[in-house]
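Multiple structures are listed underneath, in structure tokens.
Here come two complexes built around subunit A, the first alongside subunit B, the second alongside subunit C.
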Partner chain A sequence: MNNATAASLLAKLNAGEIRSEDLVRQYLDRAESLKRLNVFVHLDPERVLDQARAIDAKRRAGEPVGALAGVPVAIKDVLCVTNEPTTCGSRMLKSFRPPYDATVITKLKDAGAILFGKTNMDEFAMGSSTENSAYGPTLNPWDEERIPGGSSGGSAAAVAADLAPVSLGSDTGGSIRQPAAVCGIVGLKPTYGRVSRYGLIAFASSLDQIGPFAHDLADAALLLKVISGHDDRDATSVDQAVPDYTATLDKPPGSLRIGVAREFFGEGLDPEVEAAVREAIRIYEKAGAIIEEVSLPNSKYGVPAYYIVAPAECSSNLARYDGTIFGHRAEDWSPKYPGEENLHPLVRMMMASRSEGFGPEVKRRIMLGTFALSAGYADQYYNQALKVRRLIRNDFDEAFKKVDVILGPTSPSPAFKLGERTADPLAMYLSDIYTITANLAGIPGLSVPCGLTKSNLPIGLQLLAPAFAEENLLRTARVFERETDWHTRRPGLAG
Partner chain B sequence: MSHPYDVIIGLEIHVQLQTESKMFSWCGTEFGLPPNTQTDPVSLGMPGTLPVMNRKAFDLALKTALALHAEIAPFTKWDRKNYYYPDLPKNYQISQYDLPFSLGGWLDIPERKDGGGGGRCGLTRVHLEEDTGKLTHAAGGFSEVDLNRAGIPLLEIVGEPDIRNAADARGCLEELRLTLRYLGVSDCEMQEGSLRCDANVNLHIHKDGQKIATPIVEIKNLNSFRAVEKALNYEVERQYAKWREDGLTIKDSPKTTRGWNDAEEVTKPQREKETAADYRYFPEPDLVPVVVDEAWKERVRASIGELPAARRKRFESDYELSPYDANVLVEQGSDVADYYDAVAKSTGEFKIASNWIQQDVLRTIKDKKQSIAEFPVSPEALADLINRVHRGELNTNQGREVLGRMIETGDSAEVVIEIGGYKMVSDRDDIATAVDAAIAANPQALEDLRKGKKKPEAVKGFLRGQVMKQTGGKANPAVVGELLEAKLAELLA
Partner chain C sequence: MSLSTDDVAKVAVLARLRLSPDELQTFTGQLNSIVEYVAHLQEPDTTGVEPLAHGVEVRNVFRDDVRGPSLPREAALLNAPKRNLDSFLVPAVLD
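What follows is the complex of A and B.
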């Protein structure tokens, strides 16, 4: 089972060599023995086994089964699953069980996938280290003193530690690509609108996108195919045909013009990371690619623009958690500070509930966003950020006139130590410096393993493509994957 | 009215659009269901749910705006209006802020019998938003939230401060409701909250050649036409008295909010927010902008149909009705106006058809609390009856009786006449006999005529009634009149 990919498991399941029930038992056992990694916030063995048995029965009966029939998929706890705990890593939603499935969950169920637990995450997807979870941090399988990246750290660690062959995460500013990079696996953020956001608990609606984690590109392509497509329950989902990413993956791209963005190699980039990325460029050159330097002059404004837009949207999206209809409600809302006795009890109830329910990072961003949208400041901050966003998109449009994909590091550094940046939000925010612009522009981005540091920490290579060019993005990445074996490396985990 | 001031009134009207589903979800919209049974994850604002625009609601909104002569924006977007309130599940309302789907427009206020009205009220904008839920404050300090209404499409129509008196404000609102009902976009039930009105009012006082504006007051909770008129009249007097007392002007005092108390017939101050509301509007990221092209606009425009003002005019010109009669028929709603249209066309007796409908049909449906659709006599059947009266088969009184039977039984005029033995007697010999008998039985009448003690018409009317009585009401009134005149002339000669 170690090293297993979804594709290899599917082949065995379809050939009748293994049963899904036996397969998930092995994964459940492994999850039990690796509990210390704190990957799953909710894993119900009975429900997992029930799903596996149902698929096995279907196969035995000779009924047609879906593209992921019997394969476990770990799910970031940001995605709604009917009647299952869906907590978004927050105390606020500790008791929330949605009466509906996210569209991607419906699609996974239709494909026969086994929903294998809910994975840990930064609270409401805010963070780059999975340390902001109300359930404690997840540990990086490569070095248990280090963070697994964030906010989808649980889903990345699940795949890296072979707790599931594939998983789903969400990426608002790099939350799939950065954890994929520091966990040594593949992570793909699709084009905004490619995958329905219905049932994805919103952080920043205009930036959020769901995507796959996998050991290799074949699995990423497979999972992407299953979850993509137009959904009439998400107005921003785009009605565009979904290519057969799996079928075309191994066809070399028609054109291999690769842009290297000058701005991705600046100050703050770890030398080992830079070296690995430079080596990747060399590998592409050897494969016949035309390497061209491109410029994304406005990318330096990406982080500040992001930290206006994302908090602004989050301040609004998270307003619904006030203890009235759902979410945590404080038991005691008596006045605590002078003057509070003058407030309406209802207001005090909301204040106390939000104060208890949210963690510090969420509160920080709600404050930032509320400020950025408030009268008198919106023009200075929010509206400026929207203009920057437009400029960043224009930069990419210009660059993609010359090249097919843009290449660079995914994360400026390998996994840092737990607690290292928790006291310094700005340092934490810089973890997403190379990934954020893709969310602001809505374009797809991919991280593939491209090396290991001397201390055996994974390094990720990021590839960016124009909107809806996932097919070409995967094929271009596959050129690199064929030439290297980084994707086959596994952490030496003591089980 | 010679007050030393002008009254400045602007209306803000919220209309619930009549759709099968809510503005941003597939949830139903039926009124009057138990609390929170008309909800779904989207209208409850549950985590992960997303709004999807109801295109039909947008169509109805477009239809309304076009009918009100508004300009339709080619590009419109949605915004979030953020504020915390327990009846607002997401704690933001999806609305339109800086790019509403329509701008401008106007509504003509019909002239009233007293000579008032007749002006034009300009509109500032029309925009779409979702309604909020309802909060009821139960006993024991608890509040209960009902979200059945949350997410229902709401059209906000903001009028210019063009209105100069309370009666016109009422007239404007009544005409708006009639127009919306003709459009079929809303049932406009004010008691059910599907038509809600707030009014902004202040005075421009003339003093020493100067014009002094009093502080603007927004009056809320106006849930009947009567309330609109009464509240505004009250507020005008209150503001004038207040100004005479403290002299405060618009410059000294910001806009305040008062509620209309229907029982005490006064406006009362409502609790003011301590700070100005900051709604932190921003573009709704979960919805895409709406682009309205010419084809869409034209398709909606073609569905508008004839509006009340046009129909009044047509009834006056085509059917030669008085403005009063035309208005009585039109303001009953398009179903009644259609009914009249059908009867008038198939009888050619426009004024008579109008009389029958106003006197008999409308009274009946009012007494029975029916709609015209439930009225058992079809326009064709009524036209047939009117034609029979016109041809002299029945006299008017018989016609009324026949119609009464038709309403009771649902039978045609032909059947009722056959069974009931209604037939007008036109036989001149029979009527002459009855005329002679009536005169003989009432010698005083002849005497009165001779001496001129009473008006001849009154005496003749009395005698005609006696003849009708003797013939059991069946005599042809024209023949009776003719023979009675002849006989009296003979006797008085």
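What follows is the complex of A and C.
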């Protein structure tokens, strides 16, 4: 089971060498022995075993089984699963049991995957370290004093620690790629609209996208294929055929023109990260790639634009949590602070419920968004951010006229220590400096392992491609994966 | 642009968030440093630039006007913080 990929497990399951029930028992045992990492926020062994037994029975009966039949997939706690705890890492949704499945969950069930627990995350996917969870932080399997990245830190750590062969996360500003980088695995954010967001608890609707975590590109391709496709329950889902990413992964890319954006090598980039990425460029050159310098002059405005657009959308999306029809409701909403006696009891109920239910990062972003959208400031902040967003997209459009993919570091530094940036939100926000622009532009991006620091911390290489060019993105990344063995490295975890 | 504690208190009410006096102080400092940082957005010339609301252009999506299944009442009420028979229970809305 250790070091297993979904593809290798599928081969054994299909050949009858192992049963899904035995396989998930091993994963459940490992989850128990590595509980200290705080990866899972909900993991019900009986439900997991029931799913595995059902798939084993289907296989035994010779019935057709799906593309992931019997393979455990860990799920970020932002995705709705019928009648199972879905809490978004928040006290607000502590007792929430959705009455429906997210579309990606339906697709996983149809593919025969075993839903292997819900993973820890930054509350409502807001954060870059998985320290903002109501369940406490997840620990990085490579160094338990460090963060696993965020906000999908639980899903990244689940794969890195071999608690599941693959997992799902969501990426609003880098929340798949950044934790993948600092946990030493593959993480892919698809094009906006490629994967349905129905049943993904919304943070910033124009940026959020669901995507896979895996040990290697073959598994990422496999999972991406299963979850992609048009969905008429999501008005932003794009009606476009889904390529067979697995079948084409090992074909050489049509052309290998790689852009290196000079803006991705600026101030604040850790020297060891830079050295690993420069080495990756040399590896691509050796493989015959044409390397070209490209410029993304407006990328320096990515973080400020993001921290207006995302909070503005979150202040609107999170307005639904008022303690009225679902979510946490305070027991006491009597006036507590000066001025509250003048407020209507219903308003006080909402204020008290939201203040008890949300953590500080969520409150900070809701207020920032409310401010940016408020009368007198909307033009100066929100509308200006949307114009800058257009400039950022134009930069990518120009660059992709010259090159097929753009390469750079995923994260400016390896995993930092727990607590190191919690008091300084701005420093935390800069952790996603290289990933945020892809969300604003809606383009796909992936992170592959490309090195280890002297202190044995993973480094990620980010590749970006034009919208809906995931197939070429995966094939280009595969060129690098074939030439190196970074994706085979594992943390030395004491179980 | 600098936010006073009064500004933040007003935003908190608009956002339906109750803040303790300590939280108000902390958030005022933090929001000010963020607002100062996002002021960089004013630097590029955006004259004539069309705002971009989605990375991939979205269009109106229509479906046939056919009634589909809806959430059964009991399922909708299952997550209610408080209920009274078939209704959500909230403080009186009308005085």
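One rule holds for everything that comes next: the second predicted complex is superposed on the first by the 495 of 495 C-alpha atoms of A that agree within 3 Å, B and C clash if a C-alpha of one lies under 4 Å from a C-alpha of the other, contacts with A are read in each partner's own complex, and residues count from 1 in each chain.
Basically, a contact is a pair of C-beta atoms (placed from the backbone, for glycine too) under 8 Å apart; a residue touches a chain by one contact, two chains touch by 3 or more.
Because the structure is predicted, anything quoted here is derived from the model rather than measured.
Asker: Of the partners subunit B and subunit C, which touch A:T236 in the superposed model: first, second, both, neither?
Answerer: both
Asker: Regarding the shared-chain residue A:I308, is it in contact with subunit B (first), subunit C (second), both, or neither?
Answerer: The second partner, subunit C, only.
Asker: Please indicate which partner A:L391 is in contact with in the superposed arrangement: first for subunit B, second for subunit C, both, or neither.
Answerer: second
Asker: Report for A:V448: first if it touches subunit B alone, second if subunit C alone, otherwise both or neither.
Answerer: neither
Asker: Give one of first, second, both or neither to describe whether A:D322 is in contact with subunit B, with subunit C, with both, or with none.
Answerer: both
Asker: In the overlay, answer first, second, both or neither for which of subunit B and subunit C A:M350 touches.
Answerer: A:M350 sits against subunit B and subunit C alike.
Asker: Now for A:T86: first (subunit B), second (subunit C), both, or neither, which partner does it touch?
Answerer: Only subunit B; A:T86 stays clear of subunit C.
Asker: Go through the superposed model and pick first if A:V73 touches only subunit B, second if only subunit C, both, or neither.
Answerer: Neither partner.
Asker: Which partner does A:A202 reach: the first (subunit B), the second (subunit C), both, or neither?
Answerer: The first partner, subunit B, only.
Asker: For the overlaid complexes, name the partner, subunit B or subunit C, with more touching residues on subunit A.
Answerer: Larger number of subunit A residues touched: C.
Asker: Shared contact residues on subunit A for subunit B and subunit C?
Answerer: On subunit A, the overlap between the subunit B and subunit C contacts is residues 96, 99-100, 206, 232, 235-236, 315, 319, 322, 324-326, 345-347, 350, 370, 374.
Asker: Please output the residues of subunit A touching subunit B within their complex, sorted ascending.
Answerer: Against subunit B, subunit A makes touches at 79-80, 86, 88, 93, 96, 98-100, 102, 197-202, 204-206, 232-236, 312-313, 315-316, 319-320, 322, 324-326, 345-347, 350, 370, 373-375, 378, 382.
Asker: Touching subunit C in the complex: which residues of subunit A?
Answerer: 95-97, 99-100, 191-193, 206-207, 232, 235-236, 238, 298, 300-301, 303-305, 307-308, 315, 319, 322-329, 333, 336-337, 339-340, 343, 345-355, 358, 360, 363-364, 366-368, 370-371, 374, 380-381, 383-391, 393, 425-426, 429, 439-443, 467
Asker: Can you tell me which positions in subunit C touch subunit A when the two form their complex?
Answerer: That would be residues 3, 7-9, 11-21, 23, 27, 30-31, 33-35, 37-44, 46, 49-56, 58, 61, 63, 71, 75-76, 78-82, 88, 90-93 of subunit C.
Asker: So in the complex, which bits of subunit B are touching subunit A?
Answerer: Residues of subunit B touching subunit A: 41, 44-53, 80, 82, 84, 86, 89-92, 141, 143, 145, 276, 278, 280-282, 285-288.
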